[in-house]
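Residue numbering begins at 1 within each chain, and the chains themselves are lettered A, B, C and D in the order written.
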């Protein structure tokens, strides 16, 4: 990896005002501005502090179990016939997804800032259980907010979080409403740390989460160089708001020869089908009514990729052609889950099934030395009840 | 690690006849003898084959996600006040326990032997889901046998195994009956590979499983030397039949200064309360009726440590004082689960809770630089429903 | 006294009638909130009113119509549109400012648009050109450095938040309010209005005595409407309710 | 003809009566299985009979008593105890051999005790000293090398397994049986008895013609007992049943 400064690098954080091109920024109430400023300063300080970064690396290794390995999906590759398909096995992380890398980074940041309590939102409950685990590990009380709709289908995460000692507040709706409600909690308690779960909301959250998750791509570089002697030709990852995808590709942003493909749930594809707007603290693409007063979008099996907005950085990168966007349907998620289970002995959750669906399509017919790496960012446990209900009989 | 031959080393496999001292051997039907001989030869050949071992190491790394890290349980250590408590995080392995290391090794062995189908038994279903995943990964059909009692409480493992493509046969009873029934299946189909889940049954199974799982201790040595510059003073691990414990301590058998403590479920503590007998293919300690016609022992929350026998090697090592044995009660398992969740943000299953229970007792009041390492060999998901039912309300 | 209304709550006609009666009762500035799902700064009372209007497809356009009708009723009352950036951005901004001017309103107040937001700057410039105000908020958490910067952007009057948090969530601490107003006065000569947490005429009086030039009542009025939706005399009763506040402020 | 009985199934008295009538019907060797949970080589029919006896606390001691009673009834019939190592080991071995001799039985056959097992060696030595036999089994999967080793240990007669698998699980392949017997004959002059999968007198005849010196019927007899537990004439009917087998073998 070249250490020289690259001219016109796009591998950067947000600009001075928190923007990525014309997206991002801070669209927050005045009462949160001091918090956001404090957070930004704390973040910038922290990432210059070797001790802090060493601490993050230490717990990444020993608590989360990083690095997550890359894995050559040999039988799927053979079945599809074409490019070599790899998985980045983020599901092997503690708590079963990429989420704890972010919660670890931010809880350490909260600790460094002297915060005594944490608030967070969650969609699939993966962030919630990861956040609650992290807060327990460092002995900090935590309050989570989730939408009723999501709670119903990811019960295991709720139970685990409860056992870790987290308190949960359930609100009507889904992730959108959970974020709104969590921000309200923060407004009411500006001395808390707000632990956001993805690359969304106001600056500097997008940069913080991207910073933490970029470890995914960094590991990928090292691992591919070691195993294959070269980097993958394409990197594919799913996105709810985008932390998993951004983390997977950020490392390679200045290498345009590597294709970067983000996959959204067909029903909530903000990047593909959204319009520019200002909601939930940021300027980005949303699935929204024309007048901006309502969110749109249906429901996906992938609870974690069911967000009606997208990371502002990804909106920008998509506009400038640095990434490509695609979608996956519920039917495809199910089929891909089965394929992966039966051919690789890996039970992935619905979210990474979106990425792998796309990877399989792209692999077909490609040269044998072409490499496509899909990030497998979740394990199936949380979705198992739903799958059993839906397609249990298929497996008899 | 010294490479010299140690005089009177006890870090060995079974003797020429498959015995460890007066335990072990082969107590199998004549129709299985050829299979066992074939297996022994194949095993001895395989572990001399660098290519085979490299393959095992490759998949350990990329599919299972080994090495599993060691983890300093800082808050528990502080809470208890005494020795430093470490966890060996085997629950971070793919499928969530130490089991896939064994299934991977044996499926590779089966492949090498040209076997076209696999049979296995399971108690907690951890071995079953790990075995089914491994068989799927290598495209080999698999038949599992489990007892009805166990099936009822580890439903998630059964569903996952089904999705991997495994066929399950349910028999009356628990692990004992499952082993008997699986052996019968093997007797009926001697061309199948019998994939045993632990260090039990006839020679060479005990050696095979021990060989595969010894990676746990090998990793521990490297990791402790790197992190602490010294080895732990005590290693504590739970045992059903003993693969997890044997894997954890085998590496250190010739270092008597390291205490090795095996923890059984109080209700099924064969090593502590058993008598010598010959059942299930081996000479070892069992909880049995005086006349040897029936097994005894109650039920433990730890489905995976509820076996009425014990590895013959452990019976021997216990007789010669190379290891110590202890037990944990259901009440203790529950309490320890809660403690670990709330203080370390790790949701362990009931089996490792046995080891950690013992580790906590031993840590109390010890010197601050004394190190106790407990193997955390399973994650909670499979036990979550049971915990919710039992102590859900405690956590509100 | 400044009163906050959710536009077209419970519908256009009643909403207009309510506002008219409020003006008659002595409201000097009408804050008309335009409905949005994005009500992250609002408590449950106001949020529910927003949801009621959203279900009936009330838009910012309807809100501007309402503002125009209010102006037609009264030439002198202050009219400020209040809401979130989402709707204005989608309107889009320049058209919104044109329509706001056409409605002869006085300006707007945007909850989630700090001056760092480029779109806020765009809105502010457009409003300035039309001689309309962008009312800025100051919160207890606003730092001195920031307050100084903000003071250069004040226009019309200053909205002083009585506490950090969402509407209607906490009791007011009078000493804090006094401190806030004093802090802001150091930076501006514009009127300062205090909002959040004013539930009763007694609250209003206390806060008014804390040194501000006006008080803003929101949740309390919306709550009254919600609780009396079936009352045929609702506008009149709101008027009486507001008279009670105004009396205390004289 | 060799018949396999589960000791004390369904109880001591009936079991004894059944065996007596079987001897009268022409059984030349009685194989009396002692009950154990450890019935890993048995099919469901025999396993259920074992479980029945275990529930009634039948032990190896009871089995020896039964063997003694059988001997008292008939001086010439062969009596072999059959079962698993578990019970004998716990008895323990030396006492078992003493009691077996005292019961005037001819030996025993242990399913799960290959000659590699040290405890088998111990048992074999003890039996040898008392001039009792340890019947060894040969399976289709037994290799030539192994068969040669085994042949040195043969005693009494040789149990040739008709297939690899558990009792009662598969149909018999006659060619395989012939091959088996021929292979064993190459190594020994002792009588060879074929067992497993012999369900009917016709089966018995076919197998007998394959060159063996005796056939062993197990599941089929146990099954008959299980299905006719309430029959007061059960022993007699078993006798008739066995006569049908014996007829085919003459």
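Convention: a contact is a pair of C-beta atoms (placed from the backbone, for glycine too) under 8 Å apart; a residue touches a chain by one contact, two chains touch by 3 or more.
No experiment lies behind these values; they were computed from the predicted model shown.
Centroids of chain A and chain C (each the mean of its C-alpha atoms) stand 37 Å apart.
In whole angstrom, the spacing between the mean C-alpha positions of chain B and chain C is 67. Averaged Cα coordinates give chain C a centre that lies 97 Å from the centre of chain D. Looking at chain B, no residue sits in touch with two or more other chains. Under the contact definition stated at the top, not a single residue of chain C touches 2 or more other chains. Contact topology of the protein chains: linear, an open path with no closing contact. All chain pairs in contact, by the document's touch criterion: A-B, A-C, B-D. Residues 61-63, 65, 68-72, 75, 89, 92-94, 132-139, 156, 159-160, 162-165, 337-338, 341-347, 380-381, 384, 387-388, 392, 395-396 of chain A touch chain B in their complex. Across the complex, chain B meets chain D through its residues 17-19, 22, 25-35, 37, 176, 180, 183-184, 187-190, 275-281, 283, 288, 290-295. By the touch criterion given at the top, residues 34-41, 54, 59-61, 84-91, 111-114, 116-119, 136-143, 146, 161, 164-166, 169-170 of chain D touch chain B in their complex.
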